[in-house]
Each structure stands twice: as C-alpha cells, then as structure tokens.
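Each of the two complexes below includes chain A, the first together with chain B, the second together with chain C.
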Partner chain A sequence: METVCLNKSDDAFVKAVEAESGQRVSRCYQCGNCTAGCPMFFTFDYSVSRIMRLIQAGQKEQVLSSSAVWLCAGCETCTQRCPNEIDVAGVMDACRHIAGRERKFGARAVSAFFKAFMDSVRFNGRSHEVGTMALYMLYTGRVWTDVELAPKILPKGKMPLLPHRIAGRKEVAEIINRFNQGLSDPDLVRAGSATQGASAKEAVS
Partner chain B sequence: MRIGVFICHCGSNIAGTVDCAGVAQRAAAYPDVVYSTDIMYACAEPGQDAVIAAVKEHGLTGVVVASCTPRMHEPTFRKAVERAGINRYMFEMANIREHVSWIGKDVEANTNKAAELVRMAAAKLRLNRELKPKSFPVTKRVLVIGGGVAGIQAALDAADAGLEVVMVEKQPTIGGKMAKLDKTFPTVDCSSCILGPRMVDVAQHPNITLYAYSELEEVSGYVGNFDVKIRKKATYVNWDKCTGCGLCTEKCPSKKSYDRFNEGVGPTTAILIPFPQAIPKKASIERDYCRLFNQGKCGVCAKVCPTGAIDYAMQDEIVEVKVGGIVAATGYDLVDWTVYGEYGAGRYPDVVTSLQYERMLSASGPTGGHIKRPSDGKEPKDVVFIQCVASRDPSIGRPYCSGFCCMYTAKQAILTKDHIPDSQSYVFYMDIRSPGKGYDEFTRRVQEEYGARYVRGRVSMIYPKGGKLVVRGADTLMGGQVEVEADLVVLAVGGEAAAGSPALAEKLRISYDGYGFFMEGHPKLKPVETNTAGVFLAGACQGLKDIPSSVAQGSAAAAKAIGLLSRNMLDSDPQIAFVSVNRCVGCRKCIEVCPFKAIREIDMRGQPKAEVIETVCQGCGLCNATCPQGAIQLSHFTDNQILAEVEALCRF
Partner chain C sequence: MSRIDVGYFPGCSGLGTSMEYERSTRAVCRELGIGLREIPDWNCCGSTPAHSTDSALSAALASRVFAQGEKAGIGDMITPCPSCLKNLRVALEHMEDPLFSARVDALTERPLQMRHSIRSVLQILIEDVGPERIKARVRRSLKGLKVVPYYGCLMTRPEKIMRFDDPENPVALDRLLEALGAEVLAFPLKTDCCGGSFAIPARKVTPRLAGRILDMAGEVGADAVVVACPLCQMNLDLRQGQIRAGGVDRVLPVPYFTQLAAYAFGLPEQEAAFKKLVQDIQPAFACMSRRAADIEAEERKTAAAEAEKARLAAERAAKAAEKAAEKAGAKDAAPDGAGKKSAAAKKPREKADADGGEA
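Up next, the complex of A and B:
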C-alpha cells in the first residue's frame, strides 16, 4: 500500500463530483451503511464507503481507476440507507461519467458491454442481443464467453440471429451520437444536466 | 439632559471592523450629548469605573453604552449607573457587536451603522423617565414537574432547604426512566437500590406533596406567585383507602393489558401497581383494557378489594396551588424506531429496544431477570447490539447524539455476559462517546475483559433465517461488509423530548428548540434557568443527559429556586404598561389581547376604563400596539420613545 499524501487533495475533482451529482460529499460521516447494504460489494475493489472517503480526500486517481464505480449496479440501496441523505448511487454515477470522459475504465468488461449495447442500438434503432454479444466479444476479446448457452437458447427462437431494424433508427442513432459527443465534452454534459435540472424544477412547480 | 456616550472596543471584537474613536467623535455632536469617548472593555471593572467617574465629573444624567447585546450586559451597566447615582432606567444600550461588527466586514459601513445606532439610543434616552420597581411578597413553595431522578433530586434539595414542594408526575408512580433500569454505568450499581430510597424520601418528606398520575393543566401568574392548576387523572381507585396489597391485580381477569412500565415485554392486568417499589404504591385502572368499562360487566376488583377502594365513577379532579417557582423536569422518551423498515419495523419479536432489554435484565421485570427471546423464550447466545438507532440520523430528523447509548450498551453487554456466561455480544457502533469519569475505561473493560466484539459500522439490514436473525452491517475499519447470525438484537434507540413537551413549554411560557427540548437561559452561564423568571430546568427535558448530569441539574435547579425564594419580597419590573385615563375610551381591545390577563376594566365616574394590574403585567407591549387611542403605553418603550428612535434614523 502506498502512503496517501493528504496535501495532494484534488479539490477540482471533489467539486466536479459534487457539481455533477448534486451532492455534498462532506456530509458523509463514514458510518458505513452504504457498504453494509451493498449487494455488489463482493465484486468491488473498494467498498462504497471507502470510495466516499477517497472522494472526500480528493484522491482522484484511486477513485477513477477503481472497478467499483463501474461495477455499481445503481440499485440505490446505499442512497436509501444513508442517514445523511446523500444520493450515494448518484455520486458513483458521477464518478463513472468522469472516468468515462477521461478514458479510465476500471472494469473494462463493463465499459465494453456498455459500448456494445449502445452500438447495437445505434445500428438497429433497438437492441439486438446476438449483435450485442458479438460486439462484446469483439471489444473484450473474450470470444468463448457464454457460448455454451447458445444451443439452449437459439432453438427457442428467443434470440434471432438477424437484427430487427426499426423505421426511426437514423433518429435513434442521432441521439446516441449526441450522447457520445457529450461524453467527450464535459461542458456539454453539464449544460445538459443544468437544463434538465431546470425543467425538473419547472415540472415540480 | 446631560448624556454621556461610551463606545466599547470589546478588544478587537468591535474595534476590528468599527472605527470606535470615530463613532465617539460623531456622537459628541448628537443632541444633549456632553461627553463622548471610546473605551477598551466597558464591562470590565476599569471600564465601569470610567463610566462612573465620567458621570460624576461631567454631571451626566443619562448614559449610552454602545457595546454588545443588552441580553449580555444591560444588567451590568444598569447597576454601574446606579452606583454612579442615577436611576438605572436612565441608561440605553446600542448593540454594535452582534448587530454590526460580527456581521459585516466593511469598516466604513460598520462605522456609519454604529453611529446611527448610537444616535437612536441617545434620542430615546432623552425621553426616558426614572422608573422605580415595586416590591411584592413571594410564595415559598416550588412546583416540580416530573418525578424522574432529576425531579426527585430537585424536590428533595428544595424540601430539605425548608421550602414546600409540590411534585406532579404524569405516570402512576415516580421514578421515571431510571426506575426501569436494571443497573447503572459505569459502576454497575443496582438502579432501583440507589433510586428506591430517594423515592421513599419523596413520599415521606413532610415538605413534599406528591400528585402522581396528574398533569399540569394551567399556569398563570408570575415569578414569586404562580397560580397552578393540576389535573388529577381518574385512577378509579380511592388512593386514601388503597393499601397497595395487590389483591385486585391478582384477580383481574383482563390479563392482556399493555405493560407500560415494562415496555410491553410481557402483558399485565388492567388494574395494576406498576412495580413492587412504586411510589405511591397504589393501584390504578387502565380504562382502555378494563372489562367493566369496555364490556359493561366485570367488577372483580371491587369485589375482592378488602378496603372498598375501587370507585368506577371517579372523575378527573382539578387542584389549585400557588407556587413561587417552577422546576420543569419532564425527561425524555425513546424515538419511535419502527420507522426503520430495514430493522423489521417491529415485525421481528427478537428485535427489542434497549429499554425493553433492561426490563428483561431486571430481577423485578416480567422475565424475573432471565434473558429470554420473546419469540420462543429460549436463552440467546449471540446478542447483537446496534448503536445510534434514531440518533445522529438527519434522514429521520434526529441529527443529534443522544449521549448515553454508548455507555448503556457497554453496560448491557457486560450484564449479558454476567447473565449468560457462554454468550457472545457484538456491538455495532459509529464512534464510542465516553467522556465521563471512568466512562472510557468502562468501554475498554467490556471489550478486554468481557470479550464483547465491537464492530465499527452501521447495520443495513436484519432478516430472519432459520430461527435466527441475520444482521448485515459494515466494518469500516476492516473495510468491508460483515454478517452476524444473532439470537437476539438489541437496538440502542436514541431519545427525544418527552411527548407533549412543546405544549407544556407553552403553558410555562418558556422557549423550546426544534426538537422540543426546553431552552436554557444561556447555553453556558444559565444552564438551568429559562428566559421566564422563576421557571427552571432539570434533567433530559433541556437536552439528553445521563443520570449523574441529571442529578447535578436537579440540585442546580433547586439551588436556583431556593435562592429566588430565600427573599421575602421580590422587586417587580417597572417596564410595564400604564393607562392615560383621559384618553382611554373603554373599548376593551387591550383586555382581549393581553396574554397575561393583566388588564381589567374599571368604572370611573360611570365610564369604563382599562387598568393595568402592575404585578401581573409582563411588559410585552401587545396592548400598546393594539390601543386605537394610544391611551395605553409601555413604560420605557412609549410610542414617543420609539418614534424618537425612528426619527433619529430617518433624518434625510
């Protein structure tokens, strides 16, 4: 283990996480209730409460290179249990977005699946399971993953080999292109979430 | 009038952002000001001496001090000017610390504002009149509300000092929460062995009158002479006849009443004596569970009672007493922990509260001091304690630390090992808070000698599995998730202000905070006083605290009451309303708005007029603001004085 230098706190990173999640990480008093209830804990390199602590300490590298931010299932048990009403899942989500923009993929299989799914939707206008699987195998190089399931599933006709393309797929592709553009341009994301927030407020009032 | 103005630096508190010498210079030009200076610490002895010397040297007839809030030092300076030979009401204070220097950094703006405030104070002072207090006799009797350990201590100390004491207790017995405890930390003394004799002292003390199963109905009057109405709730048992023999409780056929004293650990009868050492040891009927009241027939208790004490027709009774001072000692209640769905919200019988566990540990409790699982009556081996349940949890509106749970949990873990030597305790905690004499050593002993396993983290869920309860939490020091299979789970539930505290505070005309705890006069210097003269606080009603602190506050509140009532006469505050009879048209509006019933209608040569009862008026000024004629005025705050201030401020 390396000694963490507390002077080297990346305050800009802390501010970025707080701005993108809309949460104040200083509210966390490290009770561990998020970790206690996390159903994905067994897959994590750092527990949720440790991620929260690392964010508080401005340890950007450790947070963004962790697998936990990618493996979080977003079930929001942590958010529900947090005595300080922090949307912990929202904080994890913000970290995942920042990591994606900085091309840091702590769990490559997860980001590869994410890309495979989005590409499949971009091509077809809707998801195509076999296509998603093929792309996933291509992006990860894990060619034999789950292939043993094919003889059981294919005869049932649940997974057609050819995609069913919808009429508006160009428009769907446009949405996804805009999203990908946004991923590489954080200002666009922030502007987007700001207008989203404003419209949500309008809806409430 | 010859006015002297003194601008206090308060070290750098004021001088840091206000040009004090500049303010003094400007003040010298205000009307009637003949002397003006700045001073390092006006409240300190040299400062007060300087004020007195200036009064004598310059023949001042009025003094303005610009310094801190009048709540801090108005009494100090009033006494100082009195020593200098002028009336204490020929003094005005301008608050240039809390209202100026502490809230702004702009020196020029602050200096201007300070000068304006001094101008207002001087303008008002020009219209001040000498006021003299009247004195009135006091009633040498104290009312103590609440018969827990804090109230008991206050009552005994006041009674020993020779005062008469009236104690009002909501429950059928005194003793409060402490009477429910098995042992106390950090000495592991038997709770009822140390409290019991004090309870008996209350019952036997010639100066103490106890009204159990009674509540405060109404308070009127003022310091030294409060008129109190007490509602004696119907017990349906004539306590003058009841001997506490307990025959009725043995024969009562309604055996499924909720046992309030035992926190519902076991059922009890509809007619009951809460526990063997109850004071008074008298029976009372819980109407909601009594067959006679609910089904119309039964009457077994009346048949078996050897003294004929049962009286089903009993009604509530109102008792009126006059007291000079009041001590509120209403304690606390446990927070309703069933808001936590993740802990079963009350569905799992083997998840109990700490207070229920105390009753299980107690030899006089429903299990006879044997720890049994409520579900199957078996002895538990693995016991999990969860701390900070409903404490330090902003999500349920309880962000504060209850302060005593860390210690009682450690005590309960020790007692668990004493009762069941082959048991294992697990304690989930967030921080161990043990800042008391011998407290931290105690929390080390439970881990080192009694082998309790302390786990640093909260618990996220409890779920049943094959007759056991699985407790899943975090161990943040280990850095991960942990699970314990438990036979019994004890929740260290935090406290909150006793039910009905805000309503009582309103009756007593004292302040309470956002959680319902009563507000002390000053957090450091007036811990047991309130902002209402003659009303004092003791114990957890002011903020959660453990037994030693509650006892200390009980004694402190008693000392304050004894000090107050040691005088035969009290001075009334002359800042009260007065009526100009030639302006009063007898419209009665002031009588209607007065919250103290301090104004009455009189007949003056056939005309109705208002008259202020001087000893009752509290000087709130509502009548002054209401009077359409400007006939009723508040001394020291007349319309003309307020207008003079406004004019001093709005000169342009």
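Up next, the complex of A and C:
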C-alpha cells in the first residue's frame, strides 16, 4: 500500500473536479457504500470510495492516472446509493474528462475504444459497429478481438459491413471539430455571451 | 382504441446488432395504436464514449437529434435504447442551465426552440397504453413461460433524471410480461450491471458480470431472460459462449420484451424476429407449451373437481330438503303440532302443483 502525502494537496484540482461534475466532493464521509455496490470493483486499482478520498485530498496524479476512472461503467449504482446524494458516477465521469484533456489514459484499451467509436460517429454521423471494431483493432493492435463471435453473428445479418451514413454527417463532424477546437470551453462561452450582451446593449442605446 | 402519435429515435444499434428490437418495437407499437414518427436524418447520441469525453459534447450530439425533431415539428419522442435515453435525458436536464446550454449551442450552432421530452418504449407502453389494453390485445398467451425481467442499469437510473419506476426494484417490465401471460419470477439482479461496453476493451468483465446474471436466471428456473437494452442483450446473448468459457454453464435465450409482445399478439416471425437471436428461443417455447398443457390439464382437473363438489353439494341439499319435507309431513300427521297450520296450508298446494305437472 502506498502512502499519500496530504501536505501536497492540489486544491485547484479539487475545484476543477467540483466544477466539472457540479458535485461537492467534501460531502463524502467515506461510508464505502459506493464501493460495496460497485460491479467493476474487481477491475479497479483504486476503489470508488478511495478515488473520492484521493480527490478530497487533492491527489491529482493518482486520480488521473488510475485505471479506475476509465473502467467505471457508469452504471449509476453508487450515485443511487450515496447517503449524501453525491452523484459519484458523475464525479468519475468528470475525472475521465479531465484525464482525457491531460492525455492521461489509465486504461489504454478503454480510451482507444472510445476514440474508435467517436471516429465512427464523426465519419458517418452514426456509430457503425463493424467500423468501430476495425478502428479499435487498428488503434490497439488487438486484431483478434472477438473474432470467435464473427461466425455467430455474421449469419444473422445483424452486422452490416457498410455504415448507414446520414445526410447531416458533416454537421455532426463539425460539432466534434468545434469541440476539439475548444469552442465549448465555459470561460470562452461566458466571455462570448458577455460581449454579445454588451453589443446588444450598445445596439439598444 | 385511441391513437398516440410520438417522435421516434431508433438509435444506431437498431440498424445493426439490435435489429430484432427495432423491428418488433415498430410492430408492437403499430398494433397498440402508437404512431411512430422517425426523427429525420437522426444522428448518434454519442453513447458512453461521448459522455466520457465531455458533457457538452455529449449534449451537443443529443441537441442535434432534438433539432432534427424540431424540423419535423416533433417535441415528444421515445427510444427503445436505455443508453440513448439516458444521454438524451441528461442533455435536456443539463441544458436547463443557461451557461451549459450556451456551450452546447456553441458546438451545434442550432439553438433549440421547442420544449422536448424523451421517454423509453417500455415507459410509453406502461404509462400510456397500460397492462390492461396490452392484455386485451393478446392472441397467443405466454402462459407457461417462466421469465426473469432484466432491466439493466440505465432504464431507471440515475433516479433524478430517469424519473421512471423504482430505481432498484422496477416492476414495469414485470407488469408487461404478466399481461402477456408469462410467469414472472422474482429476480434479485434486475438492475445489476452486465458490463456494458467493456466487453470489448476489458474482456474479463463480461464473463463475470453477465455470467452472474445468467447464472441467477437459471438458478431461479427461468426459461428466458427478457431484456430492454441492446447492449445488455448483446452481452448476455452473443457472448454466452465467452461466458460459458468463464465457467458459467447456462444456455438461456435472451429475447427483447417487444419480441415476446409481438409473439403474444400473434404477429408473424418476420416481425417478432426471433431468428436474429444467437441463442435459440424454441426450447423456451417448447417448455412453455408443455407447461401450458400441464397447467390446462390441472385447470381442467380442478374444474372437474369443482363441478363434482358442486354436484355433491346440490345432491346433499336436495336430500336435506327431502328430509325436511318428510319431517314436516310427520309433524303434520302428529296431532296438535306447532307448525300444523302452515304445513297444512303448504301441502295441498304442493300436491296441486304436482298434479298440474302430471296433467
């Protein structure tokens, strides 16, 4: 078991997680209910309640480089059972957002799968299962993933090889591109609406 | 039957791995008088990968779906997929906040004008149609079929956003399956996680989590695990071989509730689409027929026993009446009997009746 140095608390990180999730992590009193009900617990390096404690203690590096934040399945059991009504799954999601921005991928296969899925959506406007799998194999080198399932599902005619591309796929790609350019950044949007408000005022006067 | 018209968001998996859900949903809605208006040129909601990346990105993809709905004048919509449902509902909830809404609009450049709502297919069947009307539509009862309802994580959670049924012990699917005639078994893992999308990137997850669900379903004696989520269905059905390799020895069909409804409504295989399932449903239906025959034989036996009981009771009553009449007759013959007058008044009339009958 490693030790955590509580003198070195990154308060900005605590604030960032709280802003991203809209939750007050200080409300957690470590009852462990989240961990008790967590179905993914056996895959985590840190349990959910330990992640909550590490966030409280401002241990940015440990939280963001953990595999737990990437392996959370978002089943919402912890959120449902938290006696302090913390949206714990929302906090895990927020940590994933911050980790992704800082390019910390504690479970590389998971983030590669997410990237494959989003790329499929960016290309077609909809997710395409065969395309997502192909991209995932490309990004991870795991070319044998689920090949044993192919003879089971292909005869069912449930996995079209070609994607259903939508007419508005460029619009969807634009949404993702604008996001990648940082156009939904809260500070930017706040500043933008402030200047808009100011120019509206000017127009009125 | 009153008609309901509602927008319809099929979700991407409906075009692929869950096409049996999609097909049976459309057929069942048609039969129940629910008109589905598909959102024109709808896009992916972003699913887990989008909300794992950023809330505004996830909401922006959802927002385009709503904007496409607006194009066709659609405000209220339903979707079969709980994962799409959760993303779309979370987006609407978060967009109540003006700053968040502005961030989403910065990505879509298409601010929403209408009020929107999104519910699940299960929810509209239970809330707007109701078990009674569903029961009335049944042509081929599922009597004798033992099922466990498996809701998955997201149909009812997070509670504050989904606002449907009980978050940990939902009963909507139970009620629906009962209306179709099935025997719904108590199932403690109704809302436990199957492993979701981790079947691909974290391979040890599904055999353990989905395996537990199949194991418990077998343990309680189910013929089938009935589902409402495309991802749960794929994990429990397609991956049963991987799960068995992990030590769980169960072979169970995993149909969607809409497929069973289509069957119970007497619709053709083309619409129930059972052939799209990897694990064959026919053994479950064979069990159902056997059990239904047993149940019917049992019912006939009880009915016969009841009839025999009723016959004996009637016989006894007749005998008792005869006895009473005899007694009354004896009393009549005795001098100074208390009931003499009334009995004497009654007897000639009875005699007269009998005479009349004979004549």
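Basically, the second predicted complex is superposed on the first by the 178 of 205 C-alpha atoms of A that agree within 3 Å, B and C clash if a C-alpha of one lies under 4 Å from a C-alpha of the other, contacts with A are read in each partner's own complex, and residues count from 1 in each chain.
Please note the rule applied: contacts are C-beta pairs under 8 Å (C-beta built on N, C-alpha and C of every residue); 3 or more make two chains touch, one makes a residue touch a chain.
In this text, all values refer to a predicted model and were calculated from it rather than measured experimentally.
When the two complexes are overlaid on chain A, chain B and chain C sit side by side with no clash. When the two structures are aligned on the shared chain, A:His97 is found in touch with chain C, with no touch to chain B.
Residue contacts after overlaying the shared chain place A:Asn33 against chain B, while chain C stays out of touching range. Once the two complexes are laid over each other on the shared chain, residue contacts for A:Lys152 go to chain C alone; chain B is not touched.
In the superposed model, A:Tyr136 lies in contact with chain C only, and not with chain B. The partner of chain A that touches more of its residues, comparing chain B with chain C, is C.
In the superposition on chain A, A:Lys170 contacts neither chain B nor chain C. When the two complexes are overlaid on their common chain A, residue A:Thr77 makes contact with chain B and with chain C alike.
Distance between chain B and chain C in the overlay is 6 Å (nearest C-alpha pair, rounded to whole angstrom).
Across the two superposed structures, the residue set of chain A contacted by chain B and also by chain C is 77.
Interface of chain A with chain B (complex): residues 29-38, 41, 47, 49-50, 77, 81-85. Contact residues on chain A toward chain C in their complex (touch as defined above): 20, 39-40, 42-43, 71, 73-77, 79-80, 87, 89, 93, 96-97, 100, 107, 109-110, 112-115, 117-118, 121, 125-129, 133, 136, 140, 145-146, 148-149, 152-153, 156-160, 164, 166-169, 171-172, 174-176, 178-179, 183-186, 188-190, 192-193. Those residues of chain C that touch chain A in the complex are listed here as 12-13, 15-20, 41-44, 46-57, 60-61, 64, 68, 99, 102-104, 106-109, 153-154, 157-159, 167-168, 191-193, 195-198, 200-202, 204-205, 208-209, 238-239, 241-242, 275-276, 278. Those residues of chain B that touch chain A in the complex are listed here as 342, 388, 392-396, 430, 456-461, 472-476, 479-481.
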